[in-house]
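Structure below; questions to follow.
Order as written gives the chain letters A, B and C; numbering starts at 1 within each chain.
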């Protein structure tokens, strides 16, 4: 898809300076953009690049003063960054809307129900009694189990697997390779030291507007549901165990893990590679720093914790700082011991 | 599949109270169950839910006294939890046994050998000279390399990939997206600072009754075999490096990793996000706590270790507790220094 | 494929002792090898196995003295280990070169361009305008997005997914299940506590001679490119966030993660499960130990850091050692306090 400066100016309500017929087909940072690309200048630090860039079109702020001649066509708008971001979103929507139809070979069980304007790529598998909403997009290699429901406008990228009976809401995006609804890790120890599997009969419910990264794993509940509530954002390689609940608009960074039956509140932020023990409750608005290991429930909303085991942030920082000075503290204690011994010896001899 | 209260009572040797013709088709927790679901009451804490539940059928203990009228059909048995768990297992077996046949399109090399009563889903790939045992189930998108053997009753969920020459035993379950037999991470440094790949010619052997979670990775040996011994249970997103051995009935929680050539003993428990350095030996029955980093072999059976680097559990707890009080300890030392200086000064002046 | 001792001796310029017509079809460690396998003896510690091994052929050093009769056919060479490693490499190349052709069913967009002598397995998906170089191998279930370029001799193992517009160089190997080019984790907080997605319009560039393990995730840039430079080696389950750069010949062990916009230098070594915070710079030649959490840029080349937050290695070791002795230090301080109080009391009363 190509767009001229004139077309873009219309979309973002801007004024063209230069050749309005110049066209672009992709986007680039101002310091890297090539001919045929659209860029923007918002941060004054990058102004020098404006005079050097090879971008065919650059969106700039209304009030941007030019100190040198510019080779690119310019489009002036109120807020260059906001206009650029809005264009990106519109572009993605446009590209996305063009993607419809059912490619072959695909496998769709005769009892599956398909919505309108959907995209089903080649090598997609849809199981029995699955219900796929309108405008849903299933990329190559997606596997939808029996009785799964996927609501409108949801996008499952290549190789996402959804086990039987799971439910996925509207406007959900799940990135490639993620597994929804694998068995929870439940085994009962037997007397001989071996383990007997506890059947995992529940499912996973993913509510509206959730986004999940690539190669993450969200296990089905033992009974009942593992639930990812509305608007939560989960990054790549995240582990969500059975019967966990993740609150609304909670954000979890890559490689973090939440153990079984833990309830994470709303608007919580979990840092990368952090871990949360099972059967805990994490209060709304809490922040769990990267690589922390949370071993107790967090009851106070908006708490900030860090470390393994995690505790209150500023106390943890003080303890970390003290820990760095430990070898020095040890020397100070040794010195004190010498002096006190000396004082004691003098006392005895005096 | 639907079952009536009468049918279920027969299966679990129970007595029906209420309408024996009521039928259920799924399972639910007593606090969440809906009409058409089967539930159970075992924990007295949940008794109140018995009088409110919408479950069509509830399994209860023989001696359960009813304080209010109950809307559900009841089935009384000796041990409600055990009966419910047994039902779940029977149900899963029933569902599983119904799944047979070869869906199309699938790709099966002409030299592959297939057992009886197997299930091969659409988009499954089976390489040359592979041997698939009886009652094996391969879900959509499973990839079986050349010369792979998979023994009876084993289940590979959607998108599991098994590289050439690997061997998988009986009654093994591997969840979606897991990779068995990728190359070990072996590179020899060259003089110019680049690396030369060390060919990874070995394989992976997974013994009987092993279960592995979703999106885990188990690398092939450089030469010889990486071995997961009988009955081991591995959770999601686990990394097992080349030439590692995991002992019988050892349990490893999600996102943990074991580095190359390490031998983990039998009946070991490894917590989530823990890591074990390469070329170590971990004694039988050891417990490695979550997020620990094990940097030395554990020689004493039944050891418990924690922390990074991991050391003996109670000592680690004591050190952690002391670490929390470090800023206070520092103040105490400062106070001592003042007092000792005062004493020294007095001595000099006296 | 079978090779006789005579054929192998020719390949590695060795001399046969014993039956030169004996043939082997696979490789084994000398302590485990079976009939029909080729092995080697380089380390004198393993010499006893030479007299017991069932390997059909064993490669040994020129000057190896035999203390007992040997059942295997021997091939004597200057350096047994180097000769064996060279054989493995030649064997893998031979096996690899035999793999060509396009299996069915596969999905290849009509506008895709395919090189010569390629292997495209069944269930491979190639999107619009993708360019696939010569001798490229795409294993079953690989998904190549629109406009992706893959240069000569590159191997993508089963189920690798490459999103639209990404570029992969020559001689690259990516193991099964890895995802290249998923959306970066970019969300802007809104006033109501929910998040708005920041479109991720950039791509991933993987340069020549890179190897990436299984089930790793490398996110596309917001704008511009996430870049894995020439010769870098990344292990399984690694997370590389948007706009990261990984330097030439840098090695990253399993389950490590690099957050957004961080630039990791050349010849850096990152240990397993380590994490690096976003927007940092890591100097060339640095070593980051396993499970470390790097929260500040590393400016000094060849630095070694450890711990969370990571700091200089020997200082960290000293602090760790001191930390272990903390409970003892506390007792020493308590003892000092008693003595000083005693001295103070004596002073007052004297």
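In this section, a residue touches a chain if its C-beta (ideal position, glycine included) is under 8 Å from a C-beta of that chain, and two chains touch if they have at least 3 such contacts.
In this text, all values refer to a predicted model and were calculated from it rather than measured experimentally.
A.B. asks: Using the contact definition given at the top, which chains are in touch with both chain A and chain B?
C.D. replies: C
A.B. asks: Answer with same or different: of all residue numbers used at the interface between chain A and chain C, are over half used by both copies?
C.D. replies: The interface of chain A with chain C is built from mostly unshared positions.
A.B. asks: I'd like the Å distance between the centres of chain A and chain C, where a centre is the mean of that chain's Cα atoms.
C.D. replies: Taking the average C-alpha coordinate of chain A and of chain C, the gap between them is 25 Å.
A.B. asks: At which residue positions does chain C touch at least two other chains?
C.D. replies: Chain C, residues with two or more chain partners: 105, 123, 141, 159, 177, 215, 237, 255, 273, 308, 323, 326, 329, 333, 336, 340, 343.
A.B. asks: Which stretch or stretches of chain C touch chain B in the complex?
C.D. replies: These residues of chain C touch chain B: 26-29, 32, 85, 88-89, 91-92, 103, 105, 121-123, 139-141, 157-159, 173, 175-177, 209, 211, 213-215, 231, 233, 235-237, 249, 251, 253-255, 266-267, 272-273, 290-291, 307-308, 320, 323-324, 326-327, 329-330, 333, 336-337, 340, 343-344, 347.
A.B. asks: Okay, in this complex, where on chain B does chain C touch?
C.D. replies: 105, 107, 123, 125, 141, 143, 159, 161, 163, 177, 179, 182-183, 185, 187, 193-195, 197-199, 201, 215-217, 219, 223-224, 237, 239, 241, 255, 257, 259, 273, 275, 277, 293, 308-309, 311, 315, 318-319, 322-323, 325-326, 329, 332-333, 336, 339-340, 343, 346
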